[in-house]
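My questions will all concern the structure given below.
Note that the chains take the letters A, B, C, D, E and F in the order they are written out, and that residue 1 is the start of every chain.
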Amino acid sequence: MSTTLSYTLVITGAPWASQAPQTALAFARAAIAGGHRLDRVFLYGEGVHLASSLCAPPSDEPHWPQQWSDFLSDNQIPAVACVASALRRGLVDEREQNRYQLPAHNLRNPFEIAGLGEWVDGTLKSDRVMYFHGSA
Amino acid sequence: MSTTLSYTLVITGAPWASQAPQTALAFARAAIAGGHRLDRVFLYGEGVHLASSLCAPPSDEPHWPQQWSDFLSDNQIPAVACVASALRRGLVDEREQNRYQLPAHNLRNPFEIAGLGEWVDGTLKSDRVMYFHGSA
Amino acid sequence: MTTLIVIDQAPYGSWAGREALDMVFSLAAFDQPAALLFTGVGVNWLRTAQSAKGVGQKTVEKNLSAAPLFGVEKIFAEQEACERFMPDTSSRLAGIDLVASVKNLMTQYDHVVFAG
Amino acid sequence: MTTLIVIDQAPYGSWAGREALDMVFSLAAFDQPAALLFTGVGVNWLRTAQSAKGVGQKTVEKNLSAAPLFGVEKIFAEQEACERFMPDTSSRLAGIDLVASVKNLMTQYDHVVFAG
Amino acid sequence: MNQIPDTGTLHILNKAPGHPRFVACLAAMSNQDTLILIENAVLALPDTDTVLPRQTLALEPDLEARGLSGTAEPGQQISHQQLVQLTEQHPRIISW
Amino acid sequence: MNQIPDTGTLHILNKAPGHPRFVACLAAMSNQDTLILIENAVLALPDTDTVLPRQTLALEPDLEARGLSGTAEPGQQISHQQLVQLTEQHPRIISW
């Protein structure tokens, strides 16, 4: 039971549209507490909305993008939003803003934008790949 | 058959997660072609993602936020994203950006941000209120 | 004009149900007659002893209890779904009107609206 | 490592199915063994004569026909769902392997993945 | 397009067969009501497990996208223009 | 927590009863498999219409949120920590 395993977490459900980001965060915390390693968090499809820097929920409500950012930074875990999913849905970093001549960028730190190759890499290198989908 | 009616359209499904924005646009065009008036388009829940100015789908794919913007401007139809839905999901105009000290704003022209009162007003004043939901 | 807001989605899994509540409260705030109907798995909103802290959310039970105070005229629930998910009546919130026929109830309102 | 990507959602209603296709193509591009399985209403992806211009989209039929060229090993479909939605076999795309037991097929893959 | 009675409720359904709201919609329909299948719901036409109400119409672009133009009777297919006309005739509309 | 066999597949299900994928998940389970109900799927416990597999567990925070702590047997409720342990023991995991 005390073996250290490596995990890739894939989140495909958006905050507010699903519980996926909050369930994934609780799982991630428990995995770290259990002595495991998180190789990478990969946002896909609707899950990319978790990486928005512009969410401003009421102050007495949970702020999942903020909670995720803090967790990722504190534990130095790489997190990637799939570029194709993100561009369609309006999640861009400064590089994509310039490339597509968009009026702003809204990718929250420390999320990065990259391709599906990062997911393939996770399926090859991590001991476990966990998926957190929407429930609708 | 030739009576002119007024419509409020409510869109609750997001582009790419649902067909709601494209179905609503086809309906809106047909309503205008049929001699009717659109009082207002109201984005609610996940539907607020339609108002993003940062979507950059591949050039050979439909760009629903752009199509909607063009349609609204050409026909001078007011369009409103619900403020509570929008703030949670990271859709903000310059005013909300300043109020919540956010790093950018991403509300597409000519969409505006307002409260549910605009929806209530629609249910009271328009002859028909049409809802376009997600299908998942 | 009377409006029936229908909630047929499970609680806590998404924000859709809360946004339906906001709609009904908004109608009531503008003095428009409005009622709520819970159907299917949506009736699980009406269970007692909810405690959502562990999923990082606020418990919706309180919002529902406040509904009459804010002018929401009625809270209805589909009887068959209540019997399916909450056969023990003590697990149901008080003040709910069970309806045997969703079809008949819907015909009594000018507008029938889902939130998403 | 073998992966089975499962599509159980209807075509054109959302982007989820297309994003599942992107996953399977991506695996194939990195020379990883990958197959597709269509179940439930998802089998309607496999119907002939699709024409999505009227809903402002590109027809997915072509993407599917390209799957073998891009190295996707197999395209499976749940037999029961095909008989339910496409009883006339002439309305089904060619090159599909019908499976009687989704359960048995899934046990033959290391990873079984839904796209959303 | 078939003769549409100008009474009854217009039910606009966009969920695929098997979705809980698909089932709920059919159960809530009265005899004088009209069902319009749009988006994923047009898959109800070829579905051998679904019994549809007598007065059922379906949106043509959604049928075409899914390769289903052939499964609908000619009078069952409606354009967006005809959908707008139906909403003129029906003050009561429920979008499922 | 019950004794978990370290073979078989771990099925993690987050859809409410009545969702097509809920039904598909149950149909895809073998005898040696384990079912974990999370999020909306915990509503399967009080659902009098659902027959669950022998080896069914449910995530405690999701049960508590929905007022269902009382409907699960004590050994059926698992924490996130225990869920992580189950993923250690099961190389094959399907998230429905």
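The working rule: contacts are C-beta pairs under 8 Å (C-beta built on N, C-alpha and C of every residue); 3 or more make two chains touch, one makes a residue touch a chain.
The shown structure was predicted, so the numbers you read here are calculated from the model rather than taken from an experiment.
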### Query
Which chains are shared contacts of subunit C and subunit F?
A, E
#### Entry: Label of the chain whose CA centroid is most distant from the centroid of subunit A
E
#### Entry: Interface residue overlap between copies subunit A and subunit B, same or different (over half shared)
same
### Task
With chain centres taken as the means of their Cα atoms, state the distance from subunit A to subunit F in Å.
24
### Query
For subunit D and subunit F, what's the span in angstrom between their mean Cα positions?
27
### Message
Roughly how far is subunit A from subunit E, centre to centre by C-alpha average, rounded to an integer in Å?
### Response
39
### Message
Give the residues of subunit F touching no fewer than two other chains, as numbers and ranges.
### Response
14, 16, 18-20, 39-40, 61, 95-96
### Task
Please list all residues of subunit D that touch 2 or more other chains.
9-10, 12-13, 15-16, 40-41, 55, 57, 114
#### Entry: Sequence positions of subunit A contacting 2 or more other chains
16-17, 19, 23, 46, 61, 84, 88, 131, 133-136
### Inter-chain touch pairs (all)
A-B, A-C, A-D, A-F, B-C, B-D, B-E, C-E, C-F, D-E, D-F, E-F
### Message
Using the touch definition from the top, list the residues of subunit A that touch subunit D in their complex.
### Response
12-13, 44-47, 84-85, 88, 115-117, 119-120, 123-124, 129, 131, 133-134
### Task
Show which residues of subunit B lie in contact with subunit A when the two form their complex.
14-17, 46, 49, 52-58, 61, 65, 84, 87-92, 96-97, 100, 102-106, 134, 136
### Query
Can you name the residues of subunit E that touch subunit B in the complex?
14-16, 19, 38-41, 59, 61, 79-81, 83-85, 87-88, 91, 93, 95-96
### Message
Show me the residue ranges of subunit F that touch subunit D in the complex, using the header's touch definition.
### Response
9, 20-21, 24, 27-30, 92, 94-96
### Query
In the complex formed with subunit F, which residues of subunit A make contact?
1, 3, 5, 7, 19-20, 23, 26-27, 29-31, 33-34, 36, 127-128, 130-133, 135
